[in-house]
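Here the chain labels run A, B and C in written order, and each chain numbers its own residues starting at 1.
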Amino acid sequence: MIAPLLAIRNLTVQFRVDSGWVTAVDDVSLDVVAGDCVGIVGESGSGKSVTALSILQLHERATTRMPSGSILYQGQDLLRAPGSTMRRIRGSEIAMIFQDPMSSLNPVLTIADQVSETLRQHQGLTGVAARKRVVELLGLVRIPDAARRADDYPHRLSGGMRQRVMIAMAIACKPRLLIADEPTTALDVTIQAQILELLRDLRKELSMSVMLISHDLGVIAEFAQRVIVMYAGRVVEDAPMAQLFRRPVHPYTMGLIAAVPKLDSDASRLTTIPGRIPAPQEVIPGCRFSPRCALVEDGCLHEQPSMQMVSDHQSARCPPRILALGEHHG
Amino acid sequence: MPDPDGRSEEVALIRIVAVKFLQAVPVILIISILAFLLLSLLPGDPAIIIAGEQASPAAIEQVRKQLGLDRSFFEQLAIWLFNLAQGNFGSSLILNQSVLSAVAERLPVTLSLAALSISFTIPVGVLLGSVAAYFRRSWIDSLVMTVALLGVSIPAFWIAILGVILFSVRLGWVPSSGFAPISQGVGPWFASLALPALILSLFQIGFLARMTRSAMLDVLGQDYVRTARAKGLSEWRTVGKHALRNALILIITATGILLSAAIGGSVIIEQVFALPGIGRMVVQAILARDYPLVQGTMLILGFTFVMINLIVDILYTLADPRVRHD
Amino acid sequence: MTDTGLGSLATAAAIVAPRGHGTWQRLLRHRSFVIGFSVILLLMLAAVLAPLLSPVDPSAMRVRFRFRPPSSTFWFGSDMFGRDVFTRVLYGAQISLFVGFAVCVVSGLCSAIIGVIAAQFRGLDGAIMRLMDALMSFPAILLALGIAAALGPRVSSVIIALTVAYIPAGVRIVRAAALTVREMDFVQAAQVSGASSLRIVMRHILPNCLSPLLVHLTFIFAYAMLAEAALSFLGVGIQPPIASWGNIIAEGRDYATEAWWVMLFPGIAISVAALSLNLLGDALGDMLDPRLKGGD
């Protein structure tokens, strides 16, 4: 088996609050194989963004700790890598774009200035060469009138354009992995589609792996080859896209799929999952989804479920369901 | 917002600056009127107060005529404003010269003091505040903030006197009073201003450090700083370029306040160190009941502060590209 | 003159602190608050109980006992006229703290009223803010100096002068807060339900402006106290024989080398009082919007 490009193993991330430490990500493991497109889906508070930020060590050091786990990239554990290594990797080998492009761009610096920073840092490009490359990149992300736009300040661009700029900054050094944290959430639906299409095309052109994070299953479905479902800080299902939709194992996944409104259904009400995601400090004995689960059994309330393989490529954190499915299929 | 030639932004900028200039005009007018009214605050008859209670009725009448106090209120106001428009700020009763020349004579002293103290305050204050913000919640942060707190709590005049006792009387490093103009050499000039400028700085460093810390904390928490880190920029670049550029805006504002405060603080400092500056002149004029001098000087200072605020405001507009589109 | 740094900071702080038991408990957990509050409370108590704490007359001149260093009879020593420095400092606390407090309260009230009016009545807003800008053009000390000079050297002049000097800053804060609150949903909801303007102002807008104003006023107390000391030191404020921390220092200055204790103790008193007030203000500001300070 080929070694994955990025391997997150048993990652736990905790944040400091007034009363102590609270666990936001609990024992999360996932792989990204080179060339893959992985989608991480979950509600807000599921820990998906926290996981993503951990890869590039972008958390606030004073209030965050990662007591266990490792993030392996090219044989190195990023969690224990020295600052200089991380700086080398950030932006040039692993890049990240964020949800809100307005606040993620510095309002007092021009677009050209901000995009060329990456070029200067990792490729040593300055002056005319950098400027040329910047305009090239802006064209690559399909910003019209790129040469002029380069000298604008962020506030003069629309939301969609700013996100394109973010993407341009991210792909400037041809990274091997692009992490996209809710890249379309802050954008209009039509722009969403354009951005996703852009990401798809860039992925092919640059042979890049992408980790797409979203709370919108529809966005993930359009884009990812493999889906990882997270709930309350844990991974609850990990499956190839088609399999996930054809045969979702975890009740939460089933709920998510059912919650997507379908234009061709006759239903008069939208399906929802009752209840709400637990706060990170809440201690729930047993499975963390059990309070909301429609298929809950006695055992679920007492024992913490573990991830189990369902088939070669699919795994889920719901032993009762896996058992039931296994019996069903003989 | 398609903008074919980018010139509209320059036009908008010029328009905003012009508007600010215009907005300053009523403020100057109000200050002029307020300064005029200062004299009317005096309980009792200003002529008697100025002439002195022992003065003869003839002397009092003379003072009254001299100051135009025998005219009606609006006549006085009109004359006052008319004089101002011509650059006549009144004459000192005791110094025997026009207010304007009295101020001009003492300007170098106060200006030197203010400039020296600010050139020390700004780098130290910004540095301390930035360091405190960057290392927030650590011992460095607590230390810096405690020092800043002490700076704004300890009375300047008291620490000044203690400073004089220590550095002038006991150690003899600097003269305890008096001003040496630059014509006598930069060394003596600096020595005569070093301690006063330092004391003046103390309070201001405290204030600036706290403001800078606030501003930097705000900025350091912003998403674009996270983006900068995600691009692999070194901490120096991230903080230095991104964070500071944004905090700069708030710091420019603070500097305006500091400049005004430095001139205000010079009132006390000049008194303690017997420096012949504007501040000391105002205090002595007050004690000697030279009210025209007080009035005129207050007015000149008022105009100065309005100008300072205007310049700061314009710099603010230049520094923050977002403001231009209002 | 547009709202600059101060305005945006005030707007950020215009969040109402949760009322009820929770607030008090949270405050108590805050070290700065506890220290600041208790120290200033102690000082105020000491000032009020001055006659009890020291039965000596602060103005009593006993030339036989001039320049005695601190001892068991003269806790802070005696000054050039044989007066007990400790007693004078104690009575000085009455004046200095009273002035600070009075300025704080009066300027607070005026700021609140003017600020809310400016926010509510756009027509008056322009004129009011021009006037405030004019006043704010001067550093407070100069303004206070001018007014106190005109009115004469007494307690009331100092209070009036400092109040006028500090009103504009308070107005800016209240106005900024009021403008922000006005746009908030619950105010619009109240308007839609037919509440009268006055009711909206009193019940909704004003309470939400109080938090940032309160933090500001705590600092004003400290500044006013320091300013009063400075004015009295210059000879423009409170005159001896009435003791104020400022004029005790002024008197002690000429004898700084022989009787350093005369100057030392009032200075320490001022510093301690200002320090505790600043700590208190920081703690309150932190409570109301941790973002301003960055948390503790």
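In this section, contacts are C-beta pairs under 8 Å (C-beta built on N, C-alpha and C of every residue); 3 or more make two chains touch, one makes a residue touch a chain.
Since this is a predicted model, take the numbers as computed values, not measurements.
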Leaving out chain B, the still-touching groups: A | C
| item | value |
| --- | --- |
| Chain whose mean Cα position lies farthest from chain B | A |
| Geometric centre distance via CA averages, chain C-chain B, whole Å | 21 |
| CA centroid of chain A to CA centroid of chain C, Å | 52 |
| Set of chain B residues in contact with two or more other chains | 136-137, 249 |
| Contacting residues of chain A [partner chain B, same complex] | 56, 58, 62, 83, 86-92, 95-96, 98, 100, 103-109, 117-118, 121-122, 148, 151, 153, 155-156, 166, 169 |
| Contacting residues of chain B [partner chain C, same complex] | 20, 23-24, 26-27, 30-31, 34, 38-39, 41-43, 133, 136-137, 149-150, 152-159, 161-162, 165, 169, 211, 213-215, 217-218, 221, 249-250, 253-254, 260-261, 263-265, 267-268, 271, 282-283, 286-287, 291, 294, 298, 301-302, 305-306, 309-310, 312-313, 316 |
| Contact footprint of chain A on chain B as seen in their complex | 1, 3, 6, 136-138, 222-224, 226-235, 237, 241-242, 245-246, 249, 319-322, 325 |
| Residues of chain C touching chain B in the complex | 1-2, 4-6, 9, 130-131, 133-135, 137-142, 145-147, 149-152, 222, 226, 229-230, 233-236, 249, 253, 256-257, 260, 263, 267, 270-271, 274-275, 277-279, 282, 291-296 |
